[in-house]
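Below: one structure in structure tokens.
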Amino acid sequence: MTRSAIIEQISAFMNEKIPFQKDLGIEVTQFNSQQSEVRFHWKESLIGNSPMQILHGGVTATALDTAGGVVIMASVIDKLSDDASLEKVVERISRCGTIDLRVDYVRPGRGQEFIATATIIRSGNKVAVARMEMHNEDGMLIAFGTGTYIVG
Amino acid sequence: MTRSAIIEQISAFMNEKIPFQKDLGIEVTQFNSQQSEVRFHWKESLIGNSPMQILHGGVTATALDTAGGVVIMASVIDKLSDDASLEKVVERISRCGTIDLRVDYVRPGRGQEFIATATIIRSGNKVAVARMEMHNEDGMLIAFGTGTYIVG
Amino acid sequence: MTRSAIIEQISAFMNEKIPFQKDLGIEVTQFNSQQSEVRFHWKESLIGNSPMQILHGGVTATALDTAGGVVIMASVIDKLSDDASLEKVVERISRCGTIDLRVDYVRPGRGQEFIATATIIRSGNKVAVARMEMHNEDGMLIAFGTGTYIVG
Amino acid sequence: MTRSAIIEQISAFMNEKIPFQKDLGIEVTQFNSQQSEVRFHWKESLIGNSPMQILHGGVTATALDTAGGVVIMASVIDKLSDDASLEKVVERISRCGTIDLRVDYVRPGRGQEFIATATIIRSGNKVAVARMEMHNEDGMLIAFGTGTYIVG
């Protein structure tokens, strides 16, 4: 299986087989070790502050953690040998995990669509750190985040 | 309306009217400025790592942020005068919000039930800080968290 | 006293009258609500890892917290009326303080000079959040940081 | 060299040979993988807020990071074989380093003596997480912290 075929399969896996992300409607729209991106649309079920009609802080945290995890996984795959099998790739990325996460809420979570992007700021064999941002469709910055991940 | 009647109404509100928490099955089980607690049960839809069958980090972040928010709101209500109307109370607590959240993931999120507790470590008129922990039903510590909240 | 005279006095105050910053050799080189900057030079007394000859993590934390505090104070001064006296300004900024700080160490602290810059990502009447970065004289990124500050 | 002789030598090394800690007067008073402790005394040169006479936030961050590093190093030494030479021990612990540090400032840093303690909340072969607290001599809690460390 070629590298790009593997990346396609993993992307599909992440969009279809991770129940919590699927439930929220989070879709991986860039799966790349340079920069990754996930998106989701506003819906009633994501509200955390009903009187104010704003996203739950946990939704934002989920989107940021997901974007960070995606860029980390893309970077882990980059470092595997070209002939790594799909099973090997899945085995490696399923051992990745978040060690710690910080979210800075900048503005109330309002909008039609939300875009969370992530880049790696520290890359290593054991641990990697990603920086994330979430904007809405108007380019308004909603939140920043930083995640430290074990890269297994 | 008495203070305890108001607290009961707000608890009911938090359990029924916050879509994202209802979706996850998060229930407020202690609503108190000394210590607050929320609980939820394991279900497939909360999985983030399918091969490993563990909770999504965003679920844990949501539970911790919710527990922190509850203890902060309880403390805001404590400081209101005894004859504050329900409307006044709702208006005040809907202006509370998370400024930043940090989560330390200690162990994989596995279990039947998850219990997140929160206490206040810094209390002020403008900003308050809560510390949170999430255990499973066996008392295994899954995650720690700290949240800084604006108290409106 | 004009606004620019006040800013000059406060800058001088920060460079001369804050013992810990003076001890480390931290100098405020930009004092501005848009972006602030502090600098310091390598010296033996700042080492934390002797075998590796790298800065103590606490030095980096100090520089980032200082840069963040400076941009926050500049923004507080910006919001005061033009005829605020020096006493009033000092009184207001001495009530500012760090609520929480996160530092991400990206590379070992090595170099001749270190430059920490800060910008505000959330500005409010009660609380403000700043983002910081520290580079060495070659433009190598040493650390990132985020600080949440009470703005008195 | 026996294990306890090595620990004594490493303690002495940390108290004498780390310039920044020596400068601040930070002394390792417990060097143990269960709980570690460092202490320092108030002195003028540690002030960050002159009008209010309180410690610089960077001093607190330094003490917490140091306490966290000490408990991590103690745990790394615990895992080495009993006949590891002093050189081997120094080589291993000099590869430990802070990945990220979070500090929550709870009360103004005032007192005669400050005691920072640390325990490990996540232990691993690649990365470990420590929780820290700093009190003054009256038992007043000044700050909390969490540090994520690479354990080489």
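Here the chain labels run A, B, C and D in written order, and each chain numbers its own residues starting at 1.
One rule holds in what follows: a residue touches a chain if its C-beta (ideal position, glycine included) is under 8 Å from a C-beta of that chain, and two chains touch if they have at least 3 such contacts.
Which chain is which protein? Per UniProt: A, B, C, D = Medium/long-chain acyl-CoA thioesterase YigI.
Please read these numbers as outputs of a predicted model, since none were measured by experiment.
Listed candidates were B-C, B-D or A-B; the one reproducing the A-D interface, defined as more than half of contact pairs identical by residue number, is B-C. For the pair chain A and chain C, the distance between mean C-alpha positions equals 32 Å. Distance between chain C and chain D, defined via averaged C-alpha coordinates, is recorded as 24 Å. The residues of chain D that reach two or more other chains are 99-100, 102, 104-105, 122, 129, 146, listed in rising order. Contact topology of the protein chains: fully connected, every pair of chains touching.
Within the complex formed with chain C, the chain A residues making contact are 102, 104-106, 121-122, 129, 131, 141, 144, 146, 148. Those residues of chain C that touch chain D in the shared complex are 17-21, 23-24, 44-52, 55-59, 61-63, 65-66, 69, 90-91, 94, 97-105, 108. Put simply, chain D touches chain A in their complex at residues 99-100, 102, 122, 124, 126-127, 129, 146, 148, 150.
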